[in-house]
Every structure is written in C-alpha cells, then in structure tokens.
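Notes to accompany the following structure.
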Amino acid sequence: MKTRSWLDLLLMLVVTLAACTSGNVPEVCSRDKFGCAVIEPDTTIKIGMGGPMTGGSANFGIDISQGAQIAIADAGEFQGFRFELVAEDDEGTPEGGAAVANRFVMDKSIVAVAGHIMSGPTDAAMPIYEKAGIPMMSPAATNIELTKKGSAVFNRVAFTDAMQARFAAEYLYHKLGIRDLALIHDSTAYGSGIAEEVRKDFEALGGKIVGFEAITRGEADYSAPLVKIAAAKPQALYFGGSVQEGVILVNQMKITGLEGVIFFGDDGTFGSDFLTRTGVNGEGAYSTSFTLPESDRKTRFDAAYEKTYGIPPGKLSPFTWNGYDSTAPLILAIKSVAIIGGDGKLYIPRGALVTSVRNTRDYQGVTGTITCSPVGECSAAQPTFYVIQGGKWVEAPK
Amino acid sequence: MTHAQLHPAFRTGVIFGVVVIFLMLIGFATTAAQLLGALLGNMTFPLVNLLFLLGLVGLWGGAMGVRSAEAAISAPQAAPAAKTDTANAALVCGLMTGGMTGLLVAGLVFVVSILHARGANIRACLYALSPETIQLLSLGLPPAAAALAHLGLQLLSGIAGALLGRAVSLRGDHWQRRLSASRQLVRRRLASSASQPKIAHVWANRRLRRPLLCCSGLALVLLLPLVLGQYWNYNLGTIGIYVVLGLGLNVVVGLAGLLDLGYVAFFAIGAYTMALLTAPEPHHLQWSFWIALPIAVCLAALTGVLLGIPVLRLRGDYLAIVTLGFGEIIGILSRSDMLAPFSGGPLGVRGIAGPTLLGRTFSSQRDFLYLIVLSVLLTIFVTSRLRNSRVGRAWLAMADDETVSRAMGLNTLKYKLLAFGIGAAFAGLGGALFAARNQFTGPEDQTLMVSINVLALIIVGGTGSVPGIIIGALVLKGLPEMLRPLENYRLLAFGALLVVMIIWKPTGLWPPAKRRLESREVAEAFSDAEITTTEDKLKQ
Amino acid sequence: MLDRPPELPALSRTRRLNIYRVIRSGLGALLVAYVAWRLYEVLVVKAEYGPDTWLRFAISGLVLGSVYSLIAIGYTLVYGILRMINFAHGDVMMLGAFGGYFVLEALSAIPVASEVNPPLTFLNAHPILAVILAFACGMSIAALSGFFLERIVYHPLRRAPRLAPLIGAIGASVFLENAAQLLFGPQRRDYNNPFLLLRGAGWLIPVGTGVRLTYTGVLTFVLSLILMLGLYLLVYHTRLGCAMRAVAEDKQTAALMGIDVDHVISLTFVISGALAGAAGVMWGLHNGLVYYLIGFVPGLKAFTAAVLGGIGNVPGTLFGGLLLGTIESVGPAALGIDFQLKDVIAFLILILVLLFRPAGLLGEVSTEETL
C-alpha cells in the first residue's frame, strides 16, 4: 500500500511537471511536421550558406556570403536574439554540397539555408534539406531543372536561365536586329545552360546561328576560338559565362577580326569589374542584370558593403546583391513564425517556416520585388539590359 | 659567446619572424585569436588572445633557439659540459632569437600601421589586412608604440623560452636516461617472468596482437554506424570510399612502384558508368545498381589496361605526367559539348539509383556506410591476398630494381598492366559507390585534386600498409571536417602537410611492418644481441 | 648535360612483346588516318577559312607558343640538372607575375608633374624604365622563391627515392597557390600596361580583313628568343654552365672534381626561377590576367612543350613550345573539332611523343637503354 501511494505521488508529480514545462513549449511544435527548432537565450539564430570559398570560384562564394552578412547586420535583434550567418565551403562540387548539407542538418540551431550558390551542390543538397525540413533560398543556382523536382523547401532569388535567355534572344532579334548570331559559353552548368537556351530561342525566332563555341574557364588567351567565329562573320556574339572570361573575350575581339561585332553577355558578366577591365574595348558591349537600376535600398546596401569590405559590390562577382536578397527574406520569414516561449527560449516551427518562405510575397529587396511562385521561383522581375557608353553602364533602350 | 652559438639562434629568430609575418598577412593570426576566444569563452577580448598566442610563439622560438645553439656546438662532442651551462649564455640566445622575431614582426606592424594611418588602401594589395585586422595587429596603439610593444613581447617571451629550453635540456638528459632504464627493466621483467597475467602474455605475443586488433576494429566498425548520426555516417562513408581508392592506388604506387597522377580518370569512369546506366536521363536505361556496379568496375579495369599498354614503358616522372594528362583529358571530355548528349555535359547526371536489398532502397547514410564498409573489407582482402602471392612478390621485385627483375626473366610489362588494371578497378568501385551515394555526379567531381588527395593519403598514411591508409584517410578527409572554422586554410595546410610528411616521415605515419622491421629491429639486433655465425647455427 | 636524352624505346627481345607492338602500331595508323581525313574535310571540302583567318591562327599560336617556351626553359634547366620535374615551377612564375603587377600598380600611382591633361603618371612618362623595373622585380621575387623552394623542399629530399621530390613538389605547388590566394585575394587582377604597350594595340597586316600583330605579342616572341640565347650562352660558354653540365652528368664525380654541388644546384634554381619570373611578367603584360591559379595549367603545357622538343635541350624547348602553341591554335580549327578539346590534343601529342620518340623531336637519340 505504501509503495503504491508513493508511486501515485511520483506519477502525479511527473505529470504536473510535464504539464508545466510543456506549457512553455508552444502547441504548434507538437503539431508541426518537422517539430520546432529551439534557440536558447543568449545564442544566435543561425542561417547557413554553402558556396565555393576556396578554389577557382572562390570569388563567388566569398562575395555572396559578404552580401549576406550585410543582411544579417541589417536584421538587428529579434526578441532579444541575434542572427548569425554560417558560411561554409562546399568547393562548388556536389560532394561538398552534400557534406555541408549534412553538417547543417546536424546543427539544430540552423533553421534556414541561403544557398547553395552553385547548381551542382544545390542539387545534391536538396534531398537532405527536404528530409530535415530546412528551407533554402538560393542566391545564384540558376539551373532550370532545380525547381522542376517538386521540392517543398527549395526556393531561389536567382533567375532561371530560360527566362533570361528568352528575353535576351528577343532583344537581340527584335531590338538590335541581329540575324546572324554566334555563341560562346564557358563549359559550366550555368554558362552552357544559358547559351543553349539562347540558341534555341533565337533559332525559334527565325535567326541563324553561325557559330557555337566552348571555352575552358581560367585561361588567358581565347583568340583561337574567336578567330574561328570571326571567320563566320557574325553580327553579334552572345556569351554565357562570368566576368573573368567575358573581359578577356571583349579585349581580344578586336585583334581576332571581330571588330564591330556586338558583345552580349549574361548576368554573370555584369558589374563594375567588367567596366574597369575592358576599358576602351568595352564600348558598346551589352550585359544583363536583374538588379534594380537604382533605389534607396541599393544605394544603402552599396555604401554598407563598401564600408565593411573595402571594395565595391559587384567587383568580386555580379551576385553580391543576390546574397543580400537571399538572406533577408529568410530572416523575415523567421521573424514571422518564431514564437517566444514562456521559458525565454525561441521556438521556430520548421514546417511553418518552410511554408512561410515559400509564401514570401512582395518583399522589397535590392534586386527588386521578391515574390515566390508555388514551385519556388521567387524573382519575377524582368531582366534589364545595359550597354557600356562613355565608360559607364547605361540602361539599354527598351 | 661564440659565433657558432649565436648564428643558429639568429637563424631560428629569423625563421620564426618570417613565419609569424606570413601568418599575420594571411589573416591567420586574427582567426587563431578568435578561435582561442571561442574555446576559452572570452570572445570579446581578441586582443588578449592575440597577445597570448604571440607570447606562446615567442616562448617556443626561444626554446628552439637555445636547442639549435646547443645542437650546433655539441654535434661533434657528446660531452654534456659543452652545453650552455651558464644562464647567461641561454639568456643571450633567447635575446637574439626573440630580438630577431620581434624586429621582423615590429617592422611589419610599423609599416602597415603607418600606411594605414596615411589612408592607403592596403586591402587592395593584401586581401586579409582589413582595418579591423590592422587595428588588432597594432594592438590598438599608435604605430611606434605598437612596434615597440611587439618587440618587447617577443624579447621577453624569447628569453623566457630560452631559459625554459635550457632547463628542460639540462634535466631532460637526466629524465631520458631514467626513462630508458625503466623501459629496459620492464622489458626484461616481462620477457623473463613466466607467471604473468594472460592479457600481458597475449599482448606481448606479437602473433596474436594483429588478429586481436583486427577483431576489435571490426566490431567497432560494425557497431558504430548504429550509434552515429547522419552527418558522421556520411563523413565516415566518404572516408571509407577514399580508403578504397587509397588501397587501389597503393597497388599501383606502393606495390608496383608506378606513379599514377591521373587516378581520377578511372574514378570518373566508374562514376559515370554507374550514373549513365542507372539514371533516367540521358539514356533512359534504368538498370539496377547491382548490375551496374560490376560493369563499372570491369569497364574501369579495362580502361586501365588499355591506357597501360602504350604508357607503362615510360620512366617514373614521365609516367606521372602522362597519367596526369590522361586524367585531365577525361575531365575535359566529361565537360565537353561533343560528348554532352552522351554524358550530360557540364550539367552532370542526376537521379542515380541507389542499391536495393530485398525490395528496400538504401536511403539513409547508415545503409550506405555498411555497403562502403563491405567494399573496404573486400578491397583489403583482395589486396592483401595479392600482396602475399606470386604477383605481389613480382611487384616488389619490379619496384626494387626493374633491370634485375627483367634479367631474372620477369615479364614486367604484364605485371605492370595487372597492377594498373587492378588499381583502376578499385577506383571504378569507389567512383560507382560515390555516384550512387550522392545520386548526382558531374564534371566537378572529376578534378585533379581527387588524384592528389588519394596520393597524399597513401603518402601521409604509409605506402603499402592498410592501417596506414586508413589513418591517412582519417587525417586528410576526416580532420578538415572537424576543423571547419579553419577551412579557409585547409588547402594551405594540406600542401604544407604534404611537404612536411614527405621530408620528415617518407614512409608515412604507419609504415608497413616490413619496413619498420628493417629499420628498428635490425638496429636492435645488431646492438644488444650476439651475432651467431652460420657455423654455430649448423652445430646446434 | 642539356642534350642528354633520357629515354629510348627498348628493343623488343621476346615474342611476347609483339602483340603490344601490333596494337600500338594499329592505333597509330588509325590516328594518322583520322587526322588526314579531318584535314581533308576542313581544308578541301569545306574550305571556309580565308588566308587572313589562318594567319590569325598562326600568329595567335606562335605568341602562345613563345609564352610556353619562356616557361619551359626553366623546367628544362632544372630537369637537365636534377632529372626532376619541378611541379612548382608554374607557381614560381605566378609569383613573378604578381611581383611585376605590384610594381606597375605602384608606378601608376606616382604622378609626374606635366602640363598634359589627364596628368601623366610615372608609368606613362617613363614606360621603358617602368617595364624594366617590373621585370627586375618579378624576376627577383621569382628567383628568391626558386631558391627557397630548393632549400626547403628539394634539398632534404635529394637522397630520397624518386617519388619523394615529385610529391614534395606537388605539396609545394598547392601551398604556393593557396598562399597567393590568401595573401592577394581571389579576385582576378589586370596588368596596368603603359600606353606604349597597351594590350591589343599593334601593327595591321593587310591580309583579308586586316590581321593585327600586337606589340605585346612581338615582345613576347623576341624576349623568348633573347632569353633562350642567353641561357644557351650561359650553359655552353661559361664556367658556371660547365659546372652545371658536370653536375648533370655525374654529381659525385663533379664533387670530387672540386665543384660545390649544392651551390651549383642552388644557382640553377635561382636562374630557373628568374626565367620563370620573366615569363610571368610577360604573361601579365600580354594576357593581362593575374591571379593565383595562372601557374598551374601553363606549367603543365610548358612541360609538354619541353618534352615535345626534347627536354634538356635548349633549342628543342623553343621549338617544342612554338609547335605546341601552333597546334593548339590551329589544330582544332584544322581538324574541325571544338576548341574545348585543344588540351586533349596537347596531351595526346605528349603521349604520342613519349611513345614514339621519347627524346623529343629535336633530341638526340642515344643508344643508352633506360628503364
């Protein structure tokens, strides 16, 4: 009898305690498919980012993570909790992407990922985040297939190559009146993908493709493929790739017989670096950008970036602004679903966060208005084309 | 104070100074200070941490200075009296070392601070020197004061280090003698006594030691995946795949003595074969993993043999470059437009199938880890059987001296081809497992760094020994995962490690038993055993 | 020393080797047939390229080739003496390129008083002096790097088995590349050429639509020739060169003859480094691009060039470099394949040369049997 009563007492105590403590944990956590992330007081809410921080593409990773840091700084404090960016090196390879993803999933205080940056690692990391309920917002993974896989967690502020290619082809054909187009790409998933799309769209419009060449990244002399293209006498040259190679191509166009041919670059070639490094040779070259021409937010971002890092945004890579705009909506979503528990801890229901990120609507970023479509395409702004005139980027006539 | 004593101290000081300057210029000094702060929990005082670290470096420098001075003067003579047995001598050594380090560091800090104060954009030249870093390095003081502070810090810690070094070396000799005496005593006790506990007997008995280690290792490896989480299972899986690759390359480099720098080519062939046979795009062949795996392995082996036929007659260095070129060719081809319809081009191949067992797909890292462990065991089995067979002995003979083995009638070309083919087969196995696990493969996975990683693995771990290769894989693949905060410096450390290991311990961290036998036991045999002549043996 | 070839195809002694010879010859014949067919297709059937295009290809190839030769002479020197491939040579070249870059940057920031608007900088006021200073700085930094590379990495490994220096070289190469990335940042930098030597400016040859022969291209070519000549004179007409050749022949005997072997080897690396530095500055002036990875692939190609011409053989290196550059530029167009595959061509040539003529195209075939 005595043991019985002791046991009953113990049971009551346990139940009461459970009731008390569970009163601190918000109810949504038990209903949420992925549970809640619990952030202890005096610790930070972490946002992960995977990108190439070493190797030949290190400039992309470093630049975009720096842009994201500005967003973190702008976010300030939320209910007494600060945000933190955990940027890790995925080396730009699928292996690295999966490794970083597994590590992020292990850290329970990482609630969202602004990444990854390259399409290959993003593809490898997606299923891992999907299983753990961590939303993604990629700044620069532009491969078309990524949003066609039915993922609930993947979103991106980067623009699909398909859309950019369509606009570029139309601009070339209708606005600039080009009928003979040559294309060069840099053998990356990004560059070759977009060049292929432009080729298809241009031919569909009725234009003729007179040359399609591929170059390898990291070299310094592309005169041979340019000479070959020159022999076919194109009116314009479309380049799918990044600033580095684009600059070399533009600088070598004159000596390879492509004088007078219009250079048209994708959004990977836009930026102040392109201007300074092509100098006089760059007059008349076109490029694409999705960043707002000018706005208050952009000016403020530019100033903050330059002050913190000593170089202007867009110098290391053209995606600096995307770094900001991939992290800020995540922060916004976190702020909207996080609940402060009775015990002072912050509870972030993961499933609700995934949905909230997917439902981002009309967020005013530095690259434009961010609204996510049902499949995770969050950028609906149209590309703006720019042309170099007088040593400056000037918006090309529409 | 002789010049012979001062010169090494001077040189040590200069070396330490240059290294510290280099570390400061790449931003490592600030990262280390922050790391220390994170460890100790005082993130808000990086300055203190930096001073602490610099002081430690100075201490070490001072100690090394004194030791090199001693080494310089005591080299021909062994008399302990030749050491710096006056505190003054040690003091001067420390002063010299610390002074040199201090001068160099102070000079750098002075120049950088002055330029920064004048408004020069140092970051345009030296990327790591942001204003905050410069502020930290100059200790928050004006340029002249900062320089003097650094100089003073280095001098003081140098002197302290020198005194410490002298103390250790004076007592160290004494401790060394006592340690070796006690070690000998224990050894004699163990050897002579009959009534020892069973465990000690078993341990002392070398023949039983290996199976014991193997069994316990096996048990660990089979039970661990059940306990570890997804992340660690993934990492262990990567390490396992690299062990397979390492064992394969070991057959080529360690056993047959052929330097292959294009190992990634066979890895790529294995990965792409698995990918193209099981993925829905681009060929719509969706064969099962278990069918594709042996095909991948065989195809890789075949490629190895085909590559070997023209190439294996070349000499060591040339072979290395040619295989490097072949690896690059495969990388270029996988990225090319020409082969894009066949291999997916730069976009790679996605949707690679995983293995299914009894209807259940391998979906978690744990299942994959078991599969990888199985492959590792298989590889170990095959390579050790090979090594102890006629083929293995032929390889050893070839690696030692090719002319002689050819003179003895060995068909070196056949054995070289065999080695190449088998190495390629294991690379194909590793590649196929890799692709199946990531469910995605592309040209970015087939880079030169993979070949270099595998080569470094077997060099660091120990060419030719299985536990060595496992250790090498743990060090080169597992350690960077654990040291994530320092990951910007990962490749730098990798390069330095490679150079250091090859100079300091060319046979690796765990050399194969045969070589250890040669070096240590032979020395022992000649030192304290009696040499029995053949005649004596015959008489017994 | 420098004309002692390392390899000779072994005479087949047993019947068993014949199968392999048959396969090899068969593959070789197939390759020749394929090349002939493609050439016919492109040159005769399609004939889409005019003479100006071919001339442009040729010029681009020769200039590229002379850059390869510049880098290759350093390789050749070290290989000739130590029988060792200095994997880190490309990175020494990269350091030289950075040295020249910083000098030109510094000089372009020094204003020189004059009435011209925009104001002249030192760089444009004294362009020749500026370029000479850039070369001096680049070459010194590279020479120092070569010296320390030898001291720290190769000297301790001199008695080690033959794999060890190669691995040490690989480690050193990785270290140097990443050190450069951490020190100077991941961004690509552009050389600040003086107005006299702007990239892309040059003489116009009136063929077809006008073919441009750039100043920097000509400078590269001429500089390669001058440096080659200098090296040749050094090796064959000076005492130091004699000592180098002696060390290459037989280290021990040379030491017995009173030559300070360590000193000679150090000097070899210093000279090789200086040559690499010159190549680096030239690379920067002509191609403009400088970042931490510029040494890697050109280093590999330069080694291919050296082997092609005959490693250890100075004129052979020049010839090999030019030939390789030309094949890379003209080859893909002539064979009608993608330019992406030009590296494939380069490496295939390497393999073919090493198989059929390991001494190189200009090397001397010796009767020495080497394994």
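Labels A, B and C are assigned to the chains in the order they are written; within every chain, residues are numbered from 1.
Methods note: a contact is a pair of C-beta atoms (placed from the backbone, for glycine too) under 8 Å apart; a residue touches a chain by one contact, two chains touch by 3 or more.
Note that this is a predicted model, so its numbers are computed, not measured.
Of the two chain pairs examined here, B-C and A-C, it is B-C that is joined by more C-beta pairs in contact. Averaging Cα atoms per chain gives one point for each, and the point farthest from that of chain A is the centre of C. As a whole-number value, the distance joining the C-alpha centres of chain A and chain B reads 35 Å. Chain C has its Cα centroid 31 Å from the Cα centroid of chain B.
The distance from the centre of chain A to the centre of chain C, each centre being the mean of the chain's C-alpha atoms, comes to 39 Å.
In chain A, the residues touching two or more other chains are 54, 187, 214, 216, 311. The set of chain B residues that touch two or more partner chains comprises 332, 335-337, 488, 491. For chain C, residues touching at least two other chains, in rising order: 178, 186, 338, 340, 343.
Listing the residues of chain B that touch chain A in their complex gives 121, 123-124, 130-131, 229-231, 234-235, 238, 332, 335-337, 340, 345-348, 350, 365, 434, 438-442, 444-445, 447, 481, 484, 487-488, 490-491.
On chain A, the positions that touch chain C within their shared complex are 54, 56, 58-59, 62, 187, 213-216, 218-221, 223-225, 227-228, 230-232, 244, 247-248, 251-252, 254-257, 273, 276-277, 281, 311, 315-316. Taken together, the chain A residues at the contact with chain B in this complex read 53-54, 88-89, 92-95, 98-99, 102-103, 105-106, 119-120, 123-124, 127, 143, 145, 187-189, 191-193, 212, 214, 216, 309-311. Chain contact summary for the complex, chain C toward chain B: residues 6-7, 9-10, 14, 16-17, 20, 23-24, 27, 83-85, 102, 105, 152-153, 156-157, 160-164, 166-168, 170-179, 182-186, 300, 303-304, 307, 337-338, 340-341, 343-344, 346-348, 350-351, 354-355, 358, 370-371. Per the touch definition, chain C reaches chain A in the complex via residues 48-50, 52-53, 56-57, 60-61, 64, 178, 181, 186-188, 190, 199-200, 202, 209-212, 214, 283, 287-289, 293-294, 297, 328-330, 332-333, 338-340, 342-343.
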